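Below: a set of structures, written as structure tokens.
Each of the next two complexes has chain A plus one more chain, namely chain B in the first and chain C in the second.
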Partner chain A sequence: MAEGTLPAAPPAADTRWLVRAVIARVQLYVFIALVAAFFALPMAWLVLSPFDAHPTLVAGLAHPTLANFADMFRNPAVRGSLLNSVLLALGTMVVVVATAALAAYALSRVHVPGHNVILYVLLLFSSVVTGSAAMVPIFLLAYDLHIINTITGVVLVLAGGLLPAAIFILKDFMDSTPASYEESARVFGAGPFQILRDIVVPLVRPGLAVIAVWSMVTVWGNFLTPFILLRDPSLTPASVQIYSFYSAGGTANLRLISTFGLLYTLPVVVMYLVVQNRYGFRFYGGIKH
Partner chain B sequence: MAAITISQLTKVFANGVRALRDVDLTIADGEFFALLGPSGCGKTTLLRTIAGLEAPNAGRIVIGERDVTRMPPGPRKVAMVFQDYALYPHMDVTDNIAYPLKIQRVGRAARRQRALETGSHLGLAGMMDRRPAQLSGGQQQRVALARAVASHPQVFLFDEPLSNLDARLRMEARTFLKRLHADLRITTVYVTHDQSEALALADRMAVMDGGVIRQVGSPVEVFQRPANLFVASFIGSTPMNLLDARVDGGLVRVGPDAASIPESARGLVQEGEPVVLGVRPEYAELHPQRVAESIAARVVITEHLGTAFLVDLETAAGPVQVVVSEESPPDTGDDVFVLTNPQRSLLYRRDTGELIGPASSLAGLATAAAR
Partner chain C sequence: MPPGVPGGAASAAGLSRRWAVGFLTPAMLLIGVFLAFPAIWTIYLGLTDFRLLGPQALHTKFVGLGNYQQALTGGDFLHSLYITVVYVLLSAVIGQCVFGFTLAWVFRQWKGPLRRVMESLIIVAWIVPGSVVAFLWLAYLQGNIGPLTETGTLNTILGGIGLNWWLQLPMLSIVIFNIWRGTAFSMLLFGAAIQAIPPSYIETARVAGASGWQLIRDVVIPRSRGHILTNLLLISLWTFNDFTPFLLTGGGPGNQTQFLPVYVYQQAFQQGALGYGAALSTLVLLINLLIALAYMRILKERR
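After this line comes the complex of A and B, so read on.
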């Protein structure tokens, strides 16, 4: 062996090292494949089963058909529940965005002593309001206010739960818009609502979009509140409707559940893509310092 | 077009800071008036109080014939240009300039027309549909000006409008502002911490410190006869030399040496009175030999200023700076004698810091220069 060259490893050790590396790689890929399958298989089932005439718990397309969709749309309860979900989502979104924008603007501009404490306490309570712990008082409150069994009631309760977080996020956006924008508008004679409409809202539009989509998606998937507050089957939203796709014997109707599940998922995916495209889920305030 | 009268104006912020203390000020119709002072002196607060963005705790503000003290900003008919311009990033140049008109409920076509006219007048014709982010600093500044002009105000309020521009653009913008004011003759209040802007632009100016106006006058008056030691040390590109001295038999004794009594203070001081002698570096001469009443000094350092030299000297009474012409800079370590010009040097009372003699003995000259 010449001076200065690295001593070559003995052949046996070299092979062992190689084998160990290959085995480690294989183990890693197997693990990743298992994890991927764990998440991908339900997705595959969700996408494939609605197009199968006799879906089972196995993901696959044994008998391809579109009849499931035709059947489903013939079912008036299904159409009604999707419409109810849209009403609930849009209604709550409008209430949350409008109220949160005004509240966040006020909290951002008027310095009430301890306004941060107010906000944090509200934020803390909001997780209680829509949580199961508060369901009995909320039910009683809704009953006494005669908004039980109405879309309005559900919208108000859901909006109440979403508002603190929405105000919190929007206030951050509003805080980052320089005061000189509004001051210059004030000097030109603009009133508070004019300033909000012409200056503040356009500047925090990405924040409003985030709040809007987030509240719609949350309401779309909420089960407990409408389940408790709505008694009339004609008012049931999609999230509760799925619950009724069982035969009298208690076995799941997989044709309906899978088809309905796919339809129920699509709006959320579409909303995500739209926001992703327009705003890229970046949190920015449109400010040049 | 309107004059502004401010009387007894006091502003105390919620945190207890007294930003304005009993400010009295009258700004004439059509005047270009500068508010000058170090940061935190209250000049911006005064401007914002005139605009209506801050409510005073006491005092009155009258614009034209109207008492606007309790009025919201809009009906005061003022236009303000902010330090950061406050251009709306989501609107193009036309909409930015037209926004005050939109608030005044001018129709869409009419306000676009007026925005275009004002914009063209200010050299923005080719960029009316750009967004502020697509404009250079100087262009943004002109859009902010155009927006103020388009609102047809009675008063312009400028809050350090040139401080975000680089040195070359600042000179251009300064000339531009002066021309705009000459065109429109609208009463203008201009806040700046840059004395060269105030001296160059203003018809009259006020120097503020600690919420109080320390001197009001034309730039020439303020430059030549600072009314007190604060203004004397604040105004001037090279600060005024202020030497502790004592009146002694028709002379001012500075350490072991003496200087002649400034002409404007003659007959107004008593023998032995402690005073401060104020001499601008530009108004003193250096001589290699003692001439008449002069102050012995040694050259510490010379700095080249372009057309002149600034000589740092050490005297028995403390450091002194003198500007000499470019032909004859002394060498470091030379012994020289400082001769003060009694027509230009000033005397202050050491206890009150007030100027001795009339505040505007050169008033005639000053107004002549301001025209």
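After this line comes the complex of A and C, so read on.
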């Protein structure tokens, strides 16, 4: 073990220690600068190009303008796909929050033998049965159930995948609220639905909000499931629409792609910031797909 | 307990069994039909020569293990599996994990706006939707050949090198992309792990004269083993199942980035071989299960 690195260095070594400290500082800042460049440079294009009248593939702002946004909103494919994304995100969110809240409440309040094992198995299932792994059976299932090419089909498939984690997290919230309020409500004759709506839901509101935001953000960015299940261009959500803008042959319309890309990205970033500020913890950790 | 509750004995909160079953049903139905059933059904589908179009669509035959034989002896699947494993090892297990740990370690004592800015930058790379980051990286690494005949930001900065990243170094490009994309998660998880180590442990080691590296090896890593394994499990699974490579390269050039999800998609939906695709799905599911179970086992042993 090197003993010379103790803070109480002999006076003769003072300058050497100082030089070493300065070099370490400089190394640190160089490292930080490189990391910042590594993460920021690919992103620069998305931040600058939407405001450039003639964007190229190089990030820059040679001809500042806001006209790209007006043009973008005139594009029916953009408007339609954003609306489809909203429908998918809201639809899945409602299904996930409603069914997960009911299930988590039941698991939290009624003793089901081995319920922890069941939850872990479900969680394992949801991390193993991913869209990539199960795209073929999911496609054929949707085909046989006649929900292929429908928003409902995508909502149900996505909800099935999100539910185990949602139940797992909500059950934690439910477990930490006392059941005594519910007992007294029952004494006054309230039914289970009434108790859930008037007592439990207000108590676990932060948990519901986390699940709501998390499911909306996940669905908003999901590409594979709608890509496989929706063939009708009028049902395409923004994730698939933007891909078709740059994967189709010919010259890519950079004004459209950059502007649409930024508008499509902003809600996700905003929702993340809101949750982080409001609840003060990183809900994303561990439950992002 | 008041009488007359339908369904017999009620819990402390007054929820009878029958109501509880009713509350559980919608969620369990959705999970059962759209998560559990496809995973089991694909085993059966993989034993057939099912196609969406053509004669096999009408007369699907049972081909036994023929699809698996085709996968395991045909070369394409094994190639795809091999490059996928390399991709997971380089970009997730080594890249994201080591880089994420380094960042968490460097940031650990910083308070202040610069750290906030850096963390936000790294997290934004992680939360921007995949189809947007795919285009950002196509543009960023663009050389002067290809469908978009302009040069991207990186080549402009590097000057005269003129490397066509996506065509000449597709694997390296996609590995760097995935490190950029996913490091945030490792950084956040390791940040939490390092925060959870009692400061006195680190102080003691410092006073005993441990260097930075010794401190990491002897104190930080042993005390964050659970976090490290959890992290490895999740990022391996995510990378193994990531479909973004399809948006970046479509598996090409040739089959150099034809990772398993891309291969499954191409076989099932572009070639229409749904039976074969279902067999491939089964194999991917099995590999996912093996990764998950292996890490769970390690996690259990270490505790």
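Here are a few things to note about the model shown:
One rule holds for everything that comes next: the second predicted complex is superposed on the first by the 241 of 289 C-alpha atoms of A that agree within 3 Å, B and C clash if a C-alpha of one lies under 4 Å from a C-alpha of the other, contacts with A are read in each partner's own complex, and residues count from 1 in each chain.
Following the convention adopted for this analysis, a contact is a pair of C-beta atoms (placed from the backbone, for glycine too) under 8 Å apart; a residue touches a chain by one contact, two chains touch by 3 or more.
Bear in mind that the values here come from a model prediction, so they are computed numbers and not experimental data.
Set against each other, chain B and chain C differ in how many residues of chain A they touch, and the higher count belongs to C. When the shared chain is aligned, chain B comes close enough to touch A:L203, but chain C does not. Of the two partner chains, chain C is the only one touched by A:A100; chain B is not. Once chain A of one complex is fitted onto chain A of the other, the partner contacts of A:E183 extend to both chain B and chain C.
In the superposed model, A:N68 makes contact with neither chain B nor chain C.
Of the two partner chains, neither chain B nor chain C is touched by A:T236. Contact with chain C, but none with chain B, is seen for A:L46 once the two complexes are overlaid on the shared chain. Of the two partner chains, neither chain B nor chain C is touched by A:T259. Residue contacts after overlaying the shared chain place A:M135 against chain C, while chain B stays out of touching range.
Once chain A of one complex is fitted onto chain A of the other, the partner contacts of A:Q194 are limited to chain B, with no touch recorded for chain C.
Comparing the two interfaces of chain A, the one with chain B and the one with chain C have residues 183, 185-187, 286, 288 in common. Those residues of chain A whose C-beta lies close enough to touch chain C in the complex are 1-3, 5-6, 28, 31-32, 35-36, 38-46, 56-59, 95, 98-100, 102-103, 105-107, 109-112, 122, 124-141, 156-157, 159-161, 163-164, 167, 179, 182-183, 185-187, 192, 195, 217, 220-221, 223-224, 228, 238-240, 242-243, 246-247, 249, 251-252, 257, 261, 264-265, 268-269, 272, 282, 284-286, 288-289. Contact residues on chain A toward chain B in their complex (touch as defined above): 178, 180-181, 183-191, 194, 198-199, 202-203, 286-288. Partner chain A is touched in their complex by these residues of chain C: 2, 11-17, 19-21, 23-24, 26-28, 30-31, 33-39, 41-42, 45, 50, 103, 106, 114, 118, 121-140, 142, 147-148, 150-154, 156-157, 180, 185, 188-189, 192, 208-211, 214, 230, 234, 237-238, 241-244, 247, 260-261, 264-265, 268-269, 274, 277-278, 280-281, 284-285, 288-289, 292, 296. For chain B in complex with chain A, the residues that touch the partner chain are 51-53, 72-75, 78-80, 82-84, 86, 88-90, 99-100, 102-104, 133, 151, 157.
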